[in-house]
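Two complexes come next, and they have one chain in common, chain A, joined by chain B in the first and chain C in the second.
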Partner chain A sequence: MAGFFATYGNLIVLMVLGAMLGLSLYLPLMTGQLSLASPGFYALGGYIAAILSTKVFITNSSLFPIPLLLLEMLIAGAVCGLLGILVGIPALRLRGIYLAIATIAFVEVLRVISLNLDITGGAVGIFGIPQPFQTAIEYLWIAVPLLIISMFFLYRLERIRVGRAFAAIREDELAADAMGINPTYYKVLAFTLGAILAGIVGAISAHFLNTWNARQGTFDASIIYLTFVLIGGSKTFLGPVLGGMVFTALPEMLRAIADPEITGLQLPTAIAQFLQDGRLIIFGLLIVIGTIFFPQGLVTPDLFKRRRVRNNK
Partner chain B sequence: MTPQTTNNLAFNASPILEAKYLTRSFGGLVAVNKVSFVVNNNEIFGLIGPNGAGKTTLFNLITGLIQPSSGQLIYKGDKIIKLRPHQIAAKGIARTFQNIRLFGELSALENVIIGRHIHIKSGVFNGVLNIPPAPIEELKTKHKALELLDLVGLSDRAFEKAQNLSYGDQRRLEIARALALEPQIILLDEPAAGMNPNEKQYLSTFIRQICTQFNLTIILIEHHVPLVMGLCDRIAVLNFGKLIALGNPAEVRSDPAVIEAYLGAE
Partner chain C sequence: MDITLFLQQFLNGLSIGSAYAIFALGYTLIFSILGIINFAHGAIFTLGAYFTYALIGGAFGFSGLLANAALPVQLPFALALILGSTLAGFVGVAVERFAFRPLRRKGSDSLLTVVSSLGVAVVIVNVIQYLVGAESYTFPANIYGNLPASFNFGTVEKPVPIRSIQVVIFCVSVTILTILTYLINRTKYGKAMQAVAEDSTTASLLGINSDRFIVWTFFISSFIAGLAGSLVGSSVSIRPTFGIEFGLKGLAVIVLGGLGSIPGAVLGGFVIGLVEAFVPADYSGYKDAVAFGILFMMLLIRPQGLLGRRFVQKV
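This part shows the complex of A and B:
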């Protein structure tokens, strides 16, 4: 078991973080808003944690104190939340593909700013971010509770007034408005909640990856998170959780398949190369195929419906 | 104003909604042209007119979906133009749509529960952690929504997706959803469209029933003339955006301008 965790510890933590990033994109999607801003807030949260831990919270102990890590997560969440409100109010006047484009632009603006500021380390980024844990797998002590809290939050959210307002806006914004639901308020709320979550995950990731730079928040990342949600399922929070986990693990699995030492298969070099490096192409293909054959994603509310109907009777 | 003659109005003819020179133009087309009328509390007010007369535009103006070019709307003494639709809904004006606009992916019950939005107070924090008053509110809301579904005869379809309901059921669900707001005024945009004569008869009785039971004011657009004549206390007739007649059914029926609009001039 220890050997398994030593080998796959890294990947397991990344899968849990991936699930939460999927959720951060799912939140605005609950109101029907396709926002690709998550990587921007993720990068910002990471920079906040990186700067705070390397320049502000300097400690002599060999391990970075957990309370300070939690404080960083709190600050990252708060800053991203505020920025989420500021960006959300004007951006959410746009809809559909226009909002997607505007949020991609937002991610790019943040990326270019971080490339050019001294405090973010320019193109090199920030190195030697202190570690709060001895081994990678121990990050699960932070990541798993956070994932459970996020999932509980969304589970409850889908069953209360606010979540129903989100669903109503997703289904028919005009009708929701006529039913007394303020669409702007709830769209900005959903967008901000997603921003907070992405920021918090960024703060953990910065420590976890030990280094942080402008490559963390890119358009590529937007597409990858979008895959988490679209293929996982965009109608229940379990979709992005499953999608985030599977699609974080997928490149590693492809790499393993391509490795003759693991599978014992000697694949042609071209295919092995493609499996190893063609991650974005494969994700792109999966989005296309997935939206044709599973327009609602793999996990849909109907999967649970039979049980729910029985419970209600 | 023409003198009120119907029985229902003899007792309480207090105005609840007033339109003053309400005008809305789309480019060169004046869809609603200086329309003025008063709707009284607890009356059933019909709005008829040929296609394109501006009836739905008038509804959209009243519910804030579009803004008037000029004119004023007064609801219970307050000016309501420039308010957003959700603010107008919160003040007590609910509506249904000509081309049904339910939340299709959600169940019938959820649709009605969403109509209760403005009556639930708990926010994200209380709701997620299920801290009082959230649990009791949720129970009450569900109970109330089931009552309304029962009222429109949809209690056995409560867990059906709204988009899977039959056309007539969807129309009734929209009324239940609007009633869930506990409005003072309810605007019904062609509630009988696509219904057979039996259903129309039932609907007519039903509208009269909710009007009395909930002390509602109902403004209704309908093409089916016998239904309007039988149901409404007063009727306004629009043609090319202009109000051409206003009065009780008998007056409107014999009004030469109305006959001309519907049958053409002699």
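This part shows the complex of A and C:
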């Protein structure tokens, strides 16, 4: 078991972080708004943690104190939340593809700014971000509770007034407006919650990856998070969690399949090489196939409902 | 800023602006007919550039499946350009057939089609990278034959040199724009396409084969994307991702001009090209943010764009 964690510790932490990034994109989608802004807030949260831990909270101890890490997460969440409100209020007047494009523009502007500022280290980025833990797997002490809290939060959210309002806006914004729900308020709320979560995850990731640069918040990242949500399932919070975990692990899984030492299978060299180097081709094909054959995603609310209906009969 | 420098920046802006314009036209054609943004457009732009590079006999590097491969033929640039763009056009048709039509048949949400096109973009970019590696390739300098390296648009005392590639880009783009405007406004094909764009159900009731016009639209838009990719690629250098970056700028162009508006795409292209050309050299790092800043502001102030139609949502 120790050997397993030593080998796959990194990957397990990334899977948990991936699940949360999926959730951060899922939140605005709960109100039917396709926002691709998560990577921007993720990058911003990471920069906040990286700058604070390398320039402000300088400690002599070999391990970075965990309370300071929690403080950084708090600050990152707060700053991203504020920026989320500031960007959200004007941007969420837009719908559908217009909103998606506006958020792409937001991510790109943030990326170019971080490439050019001195404080963010320019194109090189920030190096040597201090580690709060001895090994990678110990990051689970922070990441797993955060994931559980977010999942519980979303579980409750989907069942209270606010979540019902989100769903009403997703199904028909005009009808929701006519029923006395203020669509702008709830859309900005959902967008801001997603921004806060992405910022907090960014703060953890900056420590976890040890280095942070402008390649963290890009258009490519937007596509990958979107895949988490849409293939995982966009109608229940379990979809993005599962999608985030599976799709983060997928490249490693393909690499493992191609490795005869792990599976014992001796695949033809061409196929083994394709599984290793062509991972992203498979990723892209899965997106296309998924949208055509599983438009609701793999995890749908019906999965849980169907059993109940059968019992009634 | 003195007048020669101004003139030089202005002409360079016009040249890159014309490339933005024809590239954005491809987005616009597909948007006006299907109501979706085709994110694979940028990838097809890249693909066109690689096809043209391969057809003029360019060699590929040391990584990727086709390491050190080169075609036995070396076509002249003009021929390679047309052939490469045609190949890009066929890829566009295949994309429509396998990634768009199944979704259209099922009547899926348009956002799903957008996601599917993103998937196609990921596939194309990574297939290129898998086959010929991620390094950048530069077109040979002699592709324009006897043309001088640059044209002088000023006087002998005050020269305003413009690279001939920029002049070629501008001329080809303006030609394409003229042909397309004629095609759309003056021919039966264009009228039918406009009818399909307006309402595809009614168009098919009137005896127009919607699917056939959608396929043609994809071919034309991908052909132009391939052409723009080859021309822009020959003026800088080509990498598997260079089309995606260009494609994101194209988004700024069409939103600025107004989604679905053809004159809007042209106007937006020139505006973005000129604004970028006049970013001061000291702030050149921020050049890429300018287009997105304009895009963001435009969406907030006037989401329908400069020349777009305003849509009122009805119950």
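Some notes on this structure:
Note that in this section the second predicted complex is superposed on the first by the 287 of 313 C-alpha atoms of A that agree within 3 Å, B and C clash if a C-alpha of one lies under 4 Å from a C-alpha of the other, contacts with A are read in each partner's own complex, and residues count from 1 in each chain.
Note that in this section a residue touches a chain if its C-beta (ideal position, glycine included) is under 8 Å from a C-beta of that chain, and two chains touch if they have at least 3 such contacts.
In this text, all values refer to a predicted model and were calculated from it rather than measured experimentally.
The superposed arrangement places chain B and chain C next to each other on chain A without a clash.
Once the two complexes are overlaid on the shared chain, A:56 sits clear of chain B and of chain C alike.
More residues of chain A lie in touch with C than with the remaining chain of the pair chain B and chain C.
Look at A:277: by the touch rule set out above, it reaches chain C but stays clear of chain B.
Within the superposed three-chain model, A:292 lies in touch with chain C and out of touch with chain B [touch as defined at top]. Look at A:156: by the touch rule set out above, it reaches chain B but stays clear of chain C. By the touch criterion defined above, A:174 reaches both chain B and chain C. Once the two complexes are laid over each other on the shared chain, residue contacts for A:226 go to chain C alone; chain B is not touched.
Applying the stated contact rule after C-alpha superposition, one finds that A:182 touches chain B and leaves chain C untouched.
Taken over all C-alpha pairs, chain B and chain C come no nearer than 7 Å in the superposed arrangement. Common to the chain B and chain C contact sets on chain A are residues 174. Across the interface of their complex, chain A is touched by residues 63, 65, 84-86, 89-90, 94-95, 97, 101-106, 110, 113-115, 117-118, 120, 122-124, 127-130, 134, 138, 159, 177, 181 of chain B.
Of all residues in chain A, only 152-153, 156-157, 159-165, 167-168, 171-172, 174-183, 189, 235, 308-309, 312 touch chain B in the complex they form. Chain contact summary for the complex, chain C toward chain A: residues 36-37, 98-99, 102-103, 106, 108-116, 118-127, 129-130, 244, 248, 251-252, 255, 259, 285-286, 288-289, 292-293, 295-296, 299-300, 303, 313, 315.
Residues 34, 90-91, 93-94, 96-98, 100-102, 104-106, 108-109, 112-113, 115-116, 174, 219-220, 223, 226-227, 230, 274, 277-278, 280-281, 283-288, 290-292, 295 of chain A are the ones that touch chain C when the two sit in their complex.
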